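In what comes next, chain A is part of two complexes: it sits with chain B in the first one and with chain C in the second one.
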Partner chain A sequence: MKRYLRLYFIFFRNCLIREMEFRFNFLIWTIMDIIYLATVLLGTYLIFGHIQEIGGWSKNEVLLLVLTTSLIFDLLWTFFMVNLMFFSDLVREGNLDFALLKPVNPRFIVSTRYFEFDHYVRMPIIFYLIFKLVGEIGISPSLLSWLLYSISLLFGLLIVYCFFFMITTTNFWFIKIFNFSNLFDDVLDVARFPSSIYKNKLKYFFLYFIPSAFIAYFPVEILLGRRSWETVVFSGLVMFFLFIVSQKFWRFALKHYQSASS
Partner chain B sequence: MPIIEIKHLKKYYQVHKKEPGLAGSIKSLFNRKYEDVKAVDNISFEIEEGELVGFIGPNGAGKTTTLKCLSGLLYPTSGGVSVLGFNPWDRKYPFLKQISLVMGQKNQLWWDLPAIESFILNREIYEIPKEQYEKTLDELTTLLEVKDVLKIQVRKLSLGQRMKCELIAALLHSPKVLFLDEPTIGLDVVMQKKMRDFIKEYNRRNKSTILLTSHYMGDVKELCKRIIIIDKGKILFDGLLSEIVEKYADHKVLSVVFSKEIDAKKLEEIGEVREYNYPKAVIYVKREVSSVASAELLQHFPVADLTLEEVPIDQIIREVFTGKDVA
Partner chain C sequence: MIWLFANMISALVMISVWSAVNNPGLIGGYQKSELITYYILSLFLSWIVLWFPFNKITHEIQEGQIGLKIMVKPISFYVLYFFQEIGWHVISSLVGLVTSLFLFISFKDQIYLSLTFFKIFLLLPATTMAILLTYTMSVNMALLAFWFTQVGAIESFFWVGRSFLGGTAIPISFLPDWITNVVILLPFRYMFSFPLEIVFGKVNFQQIVIGLVISVIWYVILYLLYRWLWKKGCQAYSSYGH
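Up next is the complex of A and B:
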């Protein structure tokens, strides 16, 4: 276990070294990131110019949802998404071999090799805004609530990772996967709004089939005091379940892997 | 106990055949025709520790597929594979720590970082003790003469330097078994020689078992005492390089340069005339009578230059591939 942590740190360090080489790139992305965040927040403001509430949620509460979604987005991109996107290239070009030849868990290498550091400036801004908003809503969540919020965020992050990892695993069969980032954006778009707006059957689809609810809806409800540790436990169980399913699927796919001809 | 053992290995791929054109594409949407490609078709061989074996064959013969089965990358369709006592497919870490597969065209080094960073990563992945790592790194970088490029970004290195670094990365953990897939492909003549010298030296020093594939005769001639010839998934020959010459070539090659025009028909009396382009000619004569034939040539024809040689190995092997009897 310690060894994997060390490896993780080395991957992290290597990527950081690489990023520092491209300073201009870093600057541009940081600016774009912040602009994008502003746009999304503005969009929410505009919607609330016309209505008072969505699915029982006030403007500030929805803003909280939007910010939490953006936070997950940043975390997901920082730690996982680049790797998953490169995966289809790896399979197509037969470069997965290098991961399979090493005495390390190949899923670990495939999922964590690359980090993206473009969001380092935006994330603290989001944290700050979340704190401010909580103050404006007028609630003061206990330390426990903040802790549960963080844990359910973490679970949500891992749930979405497993979900996308399973989609990535299908790359073994569908070599030219459909546009990944679009799917990702769509899932996040759905997560931006409270899942309570979906009625009945549709609600179940958006809650469970596409795990958007876990991304922000549940964590924010915890923060607002409407849910508590049972939801966290539930998220944890879903996470474990998804992890096992994605692992089994991954092993099944590996068995059928044929490297591209060299 | 042989270090590498392959018994009746078969690896079949399924590829789908599509008719050309739009109609064909539409048809293949509904009715896919699959065909079995027999990449490796029932091969068996054994390799002892410390051997340097050449695995040669034309493109598509099944060399790379065999190497991949040996290193655990591919799951055999049937048959048994054992390397260092392990079943490669199990991908057990103790097994992976003792082998290395180097594929000529593929890189594992991080593009934007200096090579040394990738080495450090490998040290961690293979859990190489610090002292051993330093010693091995020193040996390899000295042998390959790359000490001064370690801190330069890999993408800024020349192809030769990059390949040397790739090789180092693959050898840092001192593998007992080394699979080299086309190690000299794309390299210039000087680099090829350096690479071959290095491989020979490495085999000698570390007593590691090396199986290399190539379609460059130069690699084979210089490095391998034993060769395995494979074509269309089947083994055509497995034995010493010297044997192949004796077994397959019962002729020798007489190359002549004439000083005056001659009657080509009369040349046929000396032996089988393979080429005649005045003033040069190439005649194949049976091994036993080669000296007599040379003497006759010198006596009856105006010869400016004469060479008597073995049939080139390339030719022998080429003819083994095409199933022809050489000469």
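Up next is the complex of A and C:
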């Protein structure tokens, strides 16, 4: 455990150093991130310029969803997504051998090796806006609500990670079935609106197959006082379950791995 | 199959949003059923008009392949890539047709569509211009790779512009009036929104003619820009890796 923590720290430092070498890049993408945030907020404002509510959710409540989704987006890209993209390349180009040869858990190394730092400016902005919106809605969540909100966010983050980890793992058989980041953006599109608007079969697909409700819907409902710790426990169980399933799937896939280059 | 579904997701989200809204009367100048139809047709249209060889061209410039591939051939760069896109767009139009038909059938109670021959007749030039403008814009942005490495950032600005000023994220009539007046003069509307506005009858004949004239003017501007960028690019180019 201690060894893994130290490795994690070394990975982090290495990526930070690398990032600092390309400062101009860093600056450009930081600015782009803020522009993206502005555009998703703008989209919500434009829709609510003409209507009062969506499925019983007011403008500020939907904005909370949008911001929470962006927060998850930032966290995912910071910690996981770059890794999964590299992981997919590793399998395709037959370089996974090098990861498997290392004397650490291979899932650890393909999931944590890289970090992306573009989001450090955007996240404080998001935090600020979330606090401001909560004030405007006129709810004053207790410390416990904030805590439950944070825990369910963390579970949501890990659930989405497991989901995408499994999708990436399908690369062992199918070379490239998804345009990865497009699918990711689409999943976040789903999460930006209250999950209650999805009806019939679509509901099952969006809520359970794509675990979109865990990204923002459940956490925000907790913050609004409509749900409580039961949801957190539920998210925790789903996360635990998905983690085991993805681990089994990964083991199964590794058995079928045929290196492409050697 | 999964892949097809993945492409439908954002359309399905917006359809669900408008289904969940209970507003009496028009929303941003559209009926609720028209809005649902708008997003189904958007899906179809984006498969048709998105002639976008951006990644291919930037990749070839950055990897230094462009010299071998194009400069030595007796055919214009612009025409070559245009023809290379055709093959893909035969397939993509079919994909678009299948996915949007699927959505049409799934939501058949909630959609509204009235097409006349006259509208279809006007759609042809509008859609053609959308293709030409998108293609030329994409080539122009890609040619900037001769000078800059981070062309991806410029491309991002294009997508943002297209989303809000071009009507892919939301119909342009949702924008405040003063912006709509500006949008009519910008190229983004003619890359996407304009054919849809014709379908839903949001523009009268005179506005259509004006729109077509503006899109032709933009095409000429973008094409001349391409000629200039290509000429300057070839001068600035030094083939890496050879």
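Operating definition for what follows: the second predicted complex is superposed on the first by the 259 of 262 C-alpha atoms of A that agree within 3 Å, B and C clash if a C-alpha of one lies under 4 Å from a C-alpha of the other, contacts with A are read in each partner's own complex, and residues count from 1 in each chain.
As a convention for this text, a residue touches a chain if its C-beta (ideal position, glycine included) is under 8 Å from a C-beta of that chain, and two chains touch if they have at least 3 such contacts.
For clarity, every value in this text was computed on a predicted model and none was experimentally measured.
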item	value
Clash or fit, chain B versus chain C on superposed chain A	fit
Superposed model, angle subtended at chain A by chain C and chain B (C-alpha, nearest 10 degrees)	90
Touching partner for A:Leu27 - first (chain B), second (chain C), both, neither	neither
Touching partner for A:Leu16 - first (chain B), second (chain C), both, neither	neither
Partner chain in contact with A:Ile244 - chain B first, chain C second, else both or neither	neither
Partner chain in contact with A:Val233 - chain B first, chain C second, else both or neither	neither
Touching partner for A:Leu144 - first (chain B), second (chain C), both, neither	neither
More chain A residues in contact [chain B versus chain C]	C
Three-chain overlay, closest Cα atoms of chain B and chain C, distance in Å	14
Doubly contacted chain A residues - partners chain C and chain B	none
List of chain C residues in touch with chain A within their complex	2-3, 6, 9-10, 12-13, 16-17, 19-21, 23, 27-28, 150, 153, 156-157, 160, 163-164, 169-170, 174-176
Contacting residues of chain B [partner chain A, same complex]	13, 64, 68, 71-75, 91, 93-94, 96-97, 99-101, 103, 105-106, 108, 110, 112-113, 117, 120-121, 124-127, 181
Footprint of chain B on chain A - complex, ascending	3, 6-7, 10-11, 14, 17-18, 21, 94-95, 97-98, 100-104, 255, 258-259, 261-262
Footprint of chain C on chain A - complex, ascending	24-25, 28-29, 32, 35-36, 39, 42-43, 46-47, 49-55, 177-179, 182-183, 185-187, 189-190, 192-193, 196-199, 202, 206, 210
